[in-house]
Structure formats: structure tokens, C-alpha cells
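Shared chain: subunit A. Partners: subunit B in the first complex, subunit C in the second.
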Partner chain A sequence: MLKPKELTKVLEQANTGGFQCTLLLNPEGSLMAFAGKCDKKENITAAVAANIWMSNAKSAKSAFQDEGLQYIVMDCEDGKVAIRRVANLLLCVYTAESVGLGMLRAKVEALARYLEEPLKQIASP
Partner chain B sequence: MKKKVLLMGKSGSGKTSMRSIIFANYIARDTRRLGATIDVEHSHVRFLGNLVLNLWDCGGQEIFMENYFTTQRDNVFRNVEVLIYVFDVESREVEKDMHYYQSCLEAILQNSPGAKVFCLIHKMDLIPEDQRKMIFDKREAELMKRSLPLECTCFKTSIWDETLYKASAWSNIVHLLIPNVHQLESSLSNFATILDADEVLLFERATFLVIAHSVKRPHTDIHRFEKISNIVKQFKLSCSKLQAQFQSMEVRNSCFAAFIDFFTPNTYVMVIMSDPTIPSAATLVNIRNARKHFEKIERLESGLPVPTTAPRI
Partner chain C sequence: MVYSPPLDRCSFSYLTPSRMSDSSKTDEESALNRVLQKTANDVIDVTYIEPHSMENAEVSGRTREYRSQVASLRGVSRPVAKLPPNNQPPAVMLSKELVSPADVRFVTDRSEATAAAVESMEVKHGEPLVVQFAAP
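Moving on, here comes the complex of A and B:
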């Protein structure tokens, strides 16, 4: 079972040092949990993130052959975005432009590792 | 598991109407088509999977009534789990009703002393709003007195004002018939805590009667369950007209979200969340994951073998 408030607290911990928002969404693009300042656009962000992931995952399948898509990191005009798969969900983080790509990747990796095991259990069989 | 339920009362008091609305998905208007019940109509209602309510709808005309108390006495009153006696609130022959009621209790006491007795004061919609409580209280006190040594529980009912009275009486009756209901309730309360829900309800699938509920934050409207049952039942009816099956619904506004979802093979669950920051998908995942646990409880109830895998809760 998923305790929504606890999950939000875990996600909230990532929001330091220029990290603005952390979202957890399912591959269909529905939001599971989020933390941070999203200006009430969290649903749209989730949908866009899932869409980007899905379209890239398809081409990644043919490009990488054996390995699926692991990461998407985007360096945009106003900030940086990272999307990563955790269990059968997606973790999406976006930050201010000042944050380095290495830091972004490290943090997402740490958060994903922490969430992987518990989220696997709630994933559908 | 079969439970025999006797439905008795004077002719025209509304036994068959009530039965049809609750168990055969009639709407109130349809009951005008019903004729008088001849002798006893048996119906088997599958409720919660393998709990079968064996409803004996006993026609209330005097000639039949006399019969039940004499020639058919053993047959009718044997192995009764529940007696539901329906009184017409507008009846002019109160003394006579009481006489039949007491003969009935006498027969019950002889043949199935463990039976639970419910009295429904029916057609309450015919009484002006401001007098309903007074009249009901008076009747209830009298019935209690006359029922001794048996205990009876009274309800006011009406098929027209159904949002107010109908479902609550039957929910209470059915609640008593479900074995294991405490385990169901404690699991439900646990579930509500994990979800941070305000309220969780469990509805029986076919009748949409509330079988268990857990309230974490009190609500002011005590009739809300019946109202919801009624709304969803109507909605299910319109679904079936389109040959679609009702699966789930979600209602959300700025202050709350309500989910009604298919749960176990015999139940629907309703979850009320008042925290708008919790996304729907999280709640839906939780509902999906809780299914296994509740299915297991249901199987325990029905005595079917339980698979050994641990529930994810």
C-alpha cells in the first residue's frame, strides 16, 4: 500500500539547492505524487513528461537493442529536467538552470534507488 | 450459507414493493404494477457471493395469515434467522395488526427462538414531516413492549422517500447477517488510515446496500449513505440501458475527491478524500492493491479455500 503523504515527504527531500519540483507519475501520465513549487501545473508537467518518455522509449528500443531507455536528461532554456524509470513508474525532476547536470543525475539516481524497492511492491503484477 | 428471512405483515403494507426495489432493481414507480402476493413467494437472493438470503415473502391477506399460524405453522416458522414484520403506518386496524404480529412472534418463539426480529413502520411518506418522529416513537415504544420476551428493532421506511429511509433499514438488517463483519470493518478502518481517507464505504454489488463503513472525519449528513446508494443505483440502471456495466466513477472538486470503484467480486468500494493535493492515481493504486486482501476476507467468509500468498497491505 502507498501512503501518499509519506511519499510526498520523501520527494520533498530532493527539493533543495535549485531543485524545484519532483514528480512521480505512471507511464500513462497520471500523477502519483509530487512535491515542490509546480504552480498548479503538476498535472500538465506529468503528462508532458510521460509523453516525452514514451516517444523516446520507442525509438530507444530499436537504437539500443538489448537495453531499454534508462534516462532522459534535458537542458532547457529556463532549467534542466531529468526523467528516470523507477519500478514501473517514472520519476521526473526539474531544476533551476544553475544546477549542474552531474548533480541532477546524482540526485535522481539516489532518489530512484531509494524508491525502487518499495515501489516495486505496489506495482501491479 | 443459507439464511431464511421471513417477510410478513398485513395485506397491502408494502412487503413485495420493498423487496422488489431492494433486490430486483425496481424503481419505486414500477411497484404500482405489483399485484397481491398469493400465499408465499420464495426468492433466493445471492448476497455477498455465497450468502444466500432465502426470502419468504408471505402474502398478508387474512386467509393466508390464518393458514400460516395453523396448518403451515411448522413449515413457515422453522429455521428462521430473521423476521421482518412490516406495518402500514396508516392502518386503521392497529389492534388487529398487533394481534397478528404477536401470533407471529409466538410461532417464532416456538420454532426458531434465536431469530432476530425487525419491525418496519412503512409508508412514512404519508405522514406529515413534523409528525413522523412522534408517531414513530410512539409505535416503537408500543412494539417494544408487545414484543417481549423477544427483542425487536424498529425502522421507519418508505419507498418514495427512499433517500431517507429505505436503505438504512435494510443495510442494518443485512449487516447482522454477514458473518465476519467485524473483521471486514477493522480491515476497512485500516485501509482508510493508510489512504488518509475521510471515509471508506463498502457496498454490496447487486443491491448497493452499505455493508461496512469506516469514518475518519465525521460528516453532518446522517442520510448520506442512502442518498449515495440511490444515486449510484439509478446510474447503474441507466448504464444497463446502454448495455454497459458500471465500473467506477470519480468525482472531484476543490475540496474533496470521491472514488467509487469495483472492488471484490461482490462489493464496490467508495473512498472520500478531502486532501486535494493527493493525486487520483495514488488512491486508485491503493484501491487496486487492497483488493486482494478484501477478496481473501470474502473467501474466508464463504469458506472457500484461500490461496497462501500474503496480501500486499
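Moving on, here comes the complex of A and C:
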């Protein structure tokens, strides 16, 4: 079983230097955990992120035959969003416009590396 | 003339059991409707729309077109690397002083330090995330 408080503490570590919110969700759009200033719209953010992932995953499967979709990075008008697959869940991070893509990727990778093993342990077979 | 007593707290004895069940039924129905309304407002539908599925003829047509475009690009020779645009003639530019070895070393060191800093980015380890239940 996952410890929700510890999970939130881990996600919170990413929320510095322009990073506004970090969410962990399942591909169906249910929010598992989040940390940061989400303005009480974290459920909507999770649902939209899952929808974007699922819309692209199918076509990515034929494009990237070996691995499938691993990463989505979006450079939007008011900020940047990254969605990354971790075990059978999705890690979604959104940042202010000032954050560089390199830093965004580095932090998401660090989080994903840390969460991969614990989330695999509880992943349903 | 018919006297009808005022309805107040003392007048509940006038409510028959059937009337009480009606009012409680109404309350239950309104509570249920409120719950249903709230659920309908809170539900977020994440079913995604299937991407537009193309007909086979269209797919094969587009495949042919893309292959021909890629083949036409392969024949194009790459432009030769040119010097960056500058008002000064190339001879003057090339005869200028070279970048000092100290500057080159500084840039190299900073690049390596930046790469190492990015590599060392990691999550601070706290308590374990997964709790194992002891098997009986």
C-alpha cells in the first residue's frame, strides 16, 4: 500500500523554481496524489492530462513501435506541461512560462526515476 | 362555519402517519435529487474521441505522397558550411587573435559542471513509500 503523505512530500519536492503543480494520476483520469498550487482544479487538470495522453497514445504506438508513448511536453501560452509515464500511472507537471524545457525534463526524470520502483510494486498485474 | 385550528407546533397531532411518510418521502427525494445533481456536476468525462479514421485509399495515397517528398529531399545536396555573416572581410576575421586556452578551459569546465549538476538531480529520500503488510 502507498503512503499518501510520503507520496505528497515527494511530489512537493519538485515544486520550486517556477514549478507550480505536480500530479500523479491514472490513465483513466483519476487523481491519485498532487502537490502544489492547483487552485482547486486538480481534478480537471488530471482529467484533461489523461485525455491528452490517451488521445496520443494510440497513434504513438504505431509511430514508436518499440516503446510506445513515454513523454508529452507542451509549451503553452502561459506555461509548460509535461506528462510522463511512470509504471502504470502518469506523472503530470506544469510550470510557469519562465521554466526552461531542460529543467522541466530533468526534474520530471528525477521524479520518475524515484517513483518507478515503488509504483511498480503496487501496480496491478 | 367550520373552525380550522391554526397549524403550529402543537398541531402535529393532526398529521396522520400517511402524511408524515409523504413528507419524509419528499425530503428523501429532494435529497436524492441534490446528490444526483452534484454528482452530475462533478463528473468529468475523460472518454476520448477516436482519432479520425481514414479510408485505406486515403492512407495509401498519403503514404505515396510522403515517400515521394522524402525521396526528393534525399537528392538535395547539403549547403557547404559558411562563415557567419560579418561586415569585415574573411581575411581580417581569420587573422584576429585566437580564443585563449584559459577561456576554452573555463567553458569546458562549466559545461562539465552543469552536466554533472543535472545528473545529480534526485529526490531527497524520506520514509519508504510502500508499506508491506505482514503475511500471516
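To be clear about the criterion, the second predicted complex is superposed on the first by the 125 of 125 C-alpha atoms of A that agree within 3 Å, B and C clash if a C-alpha of one lies under 4 Å from a C-alpha of the other, contacts with A are read in each partner's own complex, and residues count from 1 in each chain.
Heads up, the rule we're going with is that a residue touches a chain if its C-beta (ideal position, glycine included) is under 8 Å from a C-beta of that chain, and two chains touch if they have at least 3 such contacts.
Every value quoted in this text rests on a predicted model; they were computed, and no experiment measured them.
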item	value
Which superposed partner A:P118 touches (first subunit B, second subunit C, both, neither)	second
Subunit B versus subunit C as contact partner of A:S98, first or second or both or neither	neither
Which of subunit B and subunit C A:S55 touches, first, second, both or neither	second
Contacts of A:L7 with subunit B and subunit C, given as first, second, both or neither	both
Touched partner set for A:I44, first subunit B, second subunit C, both or neither	second
First (subunit B), second (subunit C), both or neither touched by A:A33	first
Partner, of subunit C and subunit B, that touches more residues belonging to subunit A	C
Common interface residues of subunit A - those touching subunit B in one complex and subunit C in the other	1-3, 7, 43, 121-122
Residue ranges of subunit B touching subunit A (in the complex, touch as defined)	191, 194-196, 275, 277-283, 285-286, 288-290, 312-313
Residue numbers on subunit C that touch subunit A, as the complex places them	42, 44, 46, 48-49, 51, 118, 121-124, 126-131, 133
Of subunit A, residues touching subunit C in the complex	1-3, 6-7, 9-10, 13, 28-29, 43-44, 47, 50-51, 54-55, 58-59, 102, 106-107, 109-111, 113-115, 118, 121-122
Subunit A residues touching subunit B - in the complex, by the definition given at the top	1-5, 7-8, 25-26, 30-34, 43, 121-122, 124
